[in-house]
Amino acid sequence: QDNTFKIGLILPMTGQQASTGRQVEAAAKLYMAQHGDTVAGKKVQLIVKDDTGLPDVAKRLAQELVVNDKVNVLAGFGLTPIALAVAPIATQSKTPAITMAAATSAITQASPYMLRSSFTLPQAAVAMGDWAPKNGIKSVVTLVADYGPGNDAEKFFAERFELNGGKVIEKLRVPLRNPDFAPFLQKVRDAKPDALFVFVPSGAGAAVMKQFLERGMDKAGIKMIGTGDVTDDDQLNDMGDGALGVVTSHHYSTAHPSAMNKKFVADFEAANKNMRPNFMAVGGYDGMRIIYEALKTTKGQGGGDALLAAMKGQVFESPRGPVLIDAQTRDITQDIYLRKVEKKDGQLWNIEFDVIKAVKDPGKSK
Amino acid sequence: MSELLRIENLSAGYGEAVVLHDVGLALGEGQTLALLGRNGTGKTTLINTLAGATRQHGGSITLGGAALHKLSPHLRAAAGIGWVPQERNIFKSLTVHENLTAVERPGRWNPQRVYEMFPRLAERKGNLGTQLSGGEQQMLAVGRALVLNPTLLLLDEPLEGLAPIIVEELLRAIRRITRDEGLAAIIVEQHPQAILAISDEAVVLDHGTVVHADHAASLQAQPEVLERLLGVGR
Amino acid sequence: MDFRQPLLQKARWRPWEYALWVVAFALPLLVPSHALMINEIAIVALFAMSLDLILGYTGIVSLGHAAFFGFGAYAAALFAKHVMPDPTIGLVVAIALSAALGAVASVTILRGSDLTRLMVTLGTALLLLELANKLDWLTGGADGLQGVVMGPVLGVFDFDLFGRTAAWYSLSVLLLLFLLMRRLVHSPFGATLKAIRDNRLRAMAIGIPVVSRLAVIYTVAAAVAGGAGALLAQTTGFASLDVLAFDRSADVVLMLVIGGVGWLYGGIAGAIVFKLLQDTLSTVTPQYWMFWIGLILVLLVLVGRDRLLKPWTWFGARKAVKP
Amino acid sequence: MSDIVLSATGLVMRFGGITATNNVTLNLRRGARHALIGPNGAGKTTLINLLTGVLTPTEGRIVLEGEDITWLAPHRRVARGMVRTFQINQLFDSMTPLETLALVVSQHSGVGAQWWRPLGSSTAVAERAGQLLEQFRLADVAWQQTRHLAYGKRRLLEIAIALACEPRVLLLDEPVAGVPAGEREELLETVAALPADVSVLLIEHDMDLVFSFADRMTVLVNGTLLTEGDPDTIANDPKVKEVYLGHGAAHV
Amino acid sequence: MLTILFDGIAYGMLLFVLAVGLAVTLGLMNFINLAHGAFAMAGGYLTVFAMQKLGVPFLLCLPLAFLVVGAAGALLERTLYRPMYGKSHLDQVLFSIGLAFMAVAAVDYFVGSSQQNIHLPEWLRGRTEIGDGALLLGMGHYRIFIIAVCTLLTVVLQLILSKTRFGSRLRAAVDDPRVAAGLGINVNVVFLLTFAVGSGLAGLGGALGAEILGLDPTFPLKYMVYFLIVVSVGGTSSITGPLLAALLLGVADVAGKYFIPKMGAFTVYLLMILILMWRPQGLFTRKGGK
């Protein structure tokens, strides 16, 4: 009993966001397989719970994990409201909580025990806002899914883009469950911008891409740019050649050319057939790393506060590149890459061609 | 005249409940049988059993030499049963015309002839079943059974709700059809007098068993028996 | 012959009912580790019962009952955040507001077939959801409404991390509203609802004001659903868009039908069965629990609710034939 | 003129192309035993539907006890004492006859909207319901679900419901259809025995019953009023014979 | 402008193919089959696999999806669905949503939860534009194809229902199965055929729609609401009703989102509620149907 170290992983395993849960869980398990399940003399145990996408369920699960299972760390959280719902539990019970997937800026401010191993949308969006004007894109229409992350992406991209002298002609928001993108894309086409900036949840990316091509928008001289969610590595291969040439900004690509990443990808694919690790997976993987290292540092002694202290300020090499857990904001500071979809060995990849170093979450700086 | 219908040792009912016990009767071709009895004695149940709409527990039914009780309901129509259910059960989402054509089988009777017999229906051809007046629904139910071109017509209180003048006509028509076209019929009625006059045979049910079977004419001549069996003597 | 006793028989409390409630209130003590689950079940049971008022007793199908649940949740959360943190007052306010919304929305369900009602109610809930999404300055939009701090219940009992206060609070509200609803369904008023369900034409022809009865019961159901939503918001300390979502409405219909409609305890039974199943299955197989829930639903209908719950009838001899 | 309880003037009802009621005027006297006859599809049921508010007339006016009720909601007409039965049974299938009658009686003794006391808590209500059950021979099936009753019993319940409403004006649409010959008279006698100031309008195709019951008759044909008069005049009217009664002796 | 109209029509037509099977089972058979989307999903996955693994050409996949899913529907009808007809609507909801849940989880288990993509043949991928300025009409070839298939389908279905007795026999069997059987209608066969065709149509719809709507295991639940909207607004007594409703909704949705994107999904829901309150039986019911 005393010798176990429990991690409560709250993830969406069914429903719309199921693939997020799948990636994070697979990566977390991979990390444990690679690094063993005994750390500082403690046996690490992973308890996975399906939050079904409901914050109240997630909150109850978190509460039960803390009270009944006595977990040492909470982690996971596929959606912003879920992370926010769990935050008070983390505070009350002094349990460190690691957001491995959700990407709104505000999450880490909701509790002093909340850290992040994923990314924030502003990080990615701002990078694109810097890159685009320098590369011949002067006017843009934004098209984002109408929910938290989408609104964040729109806001931060547009601000930075206009600051750099670009012009946002129109801001479109599409409902989350939108069956047909035709009217929005037609509107974009009629507005004739240099590029279309897209943020939609990963599943819908393919649909947008297809209809973008079908509408002949590339031929009309409109480029497609966005944050990395649109060209999700997990889906990319299925999107077909239409995706070629799409430029996105993101913190992780499966094709990231580092030895560490190569091993990560190879091991991941070996353990999970038909799955490519995407940015969700790397969030889960690094989250586990943070927990393991904190456990080593504290030698299994001390409670949540000790763990938290050991988590803050970690600097390490991730499959995505160098990262730092900012001790002050508990948020992640990382490199953001600009990538272009290219074909290699008959498969599509997000190939990185530019990098903006050590990007802090811009949401915090204001 | 050869035998058309023979029922032996029939017991039937609904679900687990048995309503008819050991019922037996026989009917010749082109004959008309009046089925009488107080309320709730099982007249409708007997008619429905012939049509295959109840649960049969035992006994046999032969129609023209074929074992009717072995057939599933929809095949009984092909075997020659034409059913007018007590509650008429007009198909409510079909028009009058569709009610007829949906079940029609080739033979002497077709919708056209039904319209000739009930001109009222011809005027309402395009109306939905539920938009008919009570009497019109009754006419349609009879017409619907006729276009099946049956050899045995089962009429469960067919006169209910019809205007006297139509009742007269219908009785005459039934008489004519049975005589000229060789159709046999079983008619359930609340008015024994009206129906005995056009029937050949009569059967009285009580508590699910046959308590009296006779020629219609002789039963009609014995008002005291009617009084005893049915509680009406007129 | 005395016809009064048999009429009153139905409304009488049975011994097992007392036992049930005693056990329910003892549960947070008996299994303190599951107090949160008990709280959640009490809330959805109340929600399911409110649906039963319109679905089971009046025959109005609704796939949008979450509209009121969610409205109550937001009302309670906003009240606590902006006006005062007292839970009981917040609850009453939320119930009153939900009732008002129900009264307005009742115009949509007065006419039409099952399918029409299904869609109109669904549409109403979806509209409300969109609205809550758009009004993000008020509701927090997709991120949910944060920063709700609840005061102690009755000024004495603080909400604890173990969820015991929450469980007792919700159970008490459940019992209170249950008592009212139980009265209602056994009264002449309740009987007129069943009459409307069975045969609207005849109900009108014996002088029942059908339209106003429908409006009243829809309002009551909305109020109770709003109360359930308020409990959720108060005991979890936040409200987010999913309280209005389609899945909420669909789940509560499932629960109610599992437990049996037209029987207030059906809501409770369904809530218990559904939530426990979901919880156990999703612990055992987080990815594929839906399959097993689906299978159970299918079996439930195929085998029959009664037979499934009474295994001894599976092999028993057929009932003796009565003459 | 206050002798007229219910009066309909110039009623017209069209269904699409069909004119089911064509300029019908009908007056019902207080305490009348009035019969409405006519061929199938003449518009009798439609007329009742208009009077009770199930349908709203295309044209015309309906006055009950001196008050225009043409636009009044159906349930309010019931509250004013106008009650009907249906040609096709309209019952509350999931309730028992006892519950049904208790409900109807409650509704009419003004406690229909009461929600805090159980149905039947009022002794008067339970007694009246029991009385009706006995009167209509439903006492032995009082606890069975209505949906499982035999047709004849359902028919009796249909009429019992109407009487439970304490009608001042009673409209009966073929009340005895499906009731066996022996019991028909008895049933109509129950109706005839209603207090003398209750007015009854009866639709029926069984001429024996109609002539023994009615003191006045109206004949409707094709939606139009053919004639009105006392039973003898009607019985001997050649037009009525031609379109409705027939000449034969099918009904003795 | 014209392009928007065109896109709306194509979208409406697509909704129609997806919902028409439901209109058949729900409208004509009065059976609430919430697993309808699962049949559509089956058609979609079948197409993806036939194309990717077996190299079957897309055009051939469509009839294949119809037939295979139809056959599966027939099998399920015989084994599972038949006892459901007599049950209450609520039991039907419970049962069919249970099936949908099982389908969702099963597909997830066997195929995985990620989005599947259909790779259309080249000739369906292009786009034709005529006119210019306000009258510019841009037509995606795939959308033209959808419109063509749907038109054909509508005509065929309409002919079957109006020119044969099948339609009226079916409705008779639904109205009163006991009496219909007693009057010589083989109720079981009628239902079996109808159900098979209904699920076949769903399969076809899924195959056609996967390209535009996307395809993942949550498909049956995600779009169920849309199917129900089409059927309820269209009324359940004919084929043309849902068609017109689908077109109306398609055009309204597309136009609404184009001209007032802020309204988002409001347009469709509001339209539906207003229509249903105005005509509770649906916009296009059989005349006189009460």
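Order as written gives the chain letters A, B, C, D and E; numbering starts at 1 within each chain.
Simple rule for what comes next: contacts are C-beta pairs under 8 Å (C-beta built on N, C-alpha and C of every residue); 3 or more make two chains touch, one makes a residue touch a chain.
Quick caveat, the model's predicted, so the values are computed rather than measured.
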{"item": "Chain labels contacting chain B and also chain C", "value": "D, E"}
{"item": "Least step count from chain C to chain D, where 1 means the two chains touch", "value": "1"}
{"item": "Of all other chains, the one whose Cα centre sits farthest from chain B", "value": "A"}
{"item": "Chain of greatest Cα-centre distance to chain E", "value": "D"}
{"item": "Whole-Å gap separating chain A and chain D, where each centre is the average of the chain's CA atoms", "value": "73"}
{"item": "Chain centre separation (chain B, chain D; CA means) in Å", "value": "29"}
{"item": "Distance from chain E to chain B - Cα centre to Cα centre, in angstrom", "value": "44"}
{"item": "Centroid spacing, where centroids are CA-atom means, of chain A and chain C in whole angstrom", "value": "37"}
{"item": "Multi-partner residues of chain B (each touching 2 or more other chains)", "value": "127, 131"}
{"item": "In chain C, residues with contacts to at least two other chains", "value": "130, 287, 289-290"}
{"item": "Residue list for chain A, restricted to those that touch at least two other chains", "value": "14, 18, 22, 146, 175"}
{"item": "Interface residues, chain C side, partner chain D - complex", "value": "1-4, 6-8, 10-11, 183-184, 186-192, 194-195, 197-199, 201-211"}
{"item": "Chain D to chain C touching residues, read off their complex", "value": "52, 54, 73-76, 78-79, 83-84, 86, 90-95, 98-100, 102-104, 106-108, 111-121, 123, 126-127, 129-130, 133-134, 139, 142-143, 161, 164-165"}
{"item": "Sites on chain A touched by chain C in the complex", "value": "11, 13-14, 18, 21-22, 48-50, 52-57, 59-60, 63-64, 66-68, 80-81, 84-85, 88-89, 92-93, 104, 106, 110, 146-148, 151, 175"}
{"item": "Chain E partner contacts - residues on chain C that touch it in the complex", "value": "55, 61, 107-108, 111-116, 118-120, 122-124, 126-127, 130, 246, 250, 253-254, 257-258, 261, 287-298, 300-302"}
{"item": "Interfacial residue positions of chain E with respect to chain B in the complex", "value": "165, 168-169, 171-172, 174-176, 178-187, 237, 286, 288-290"}
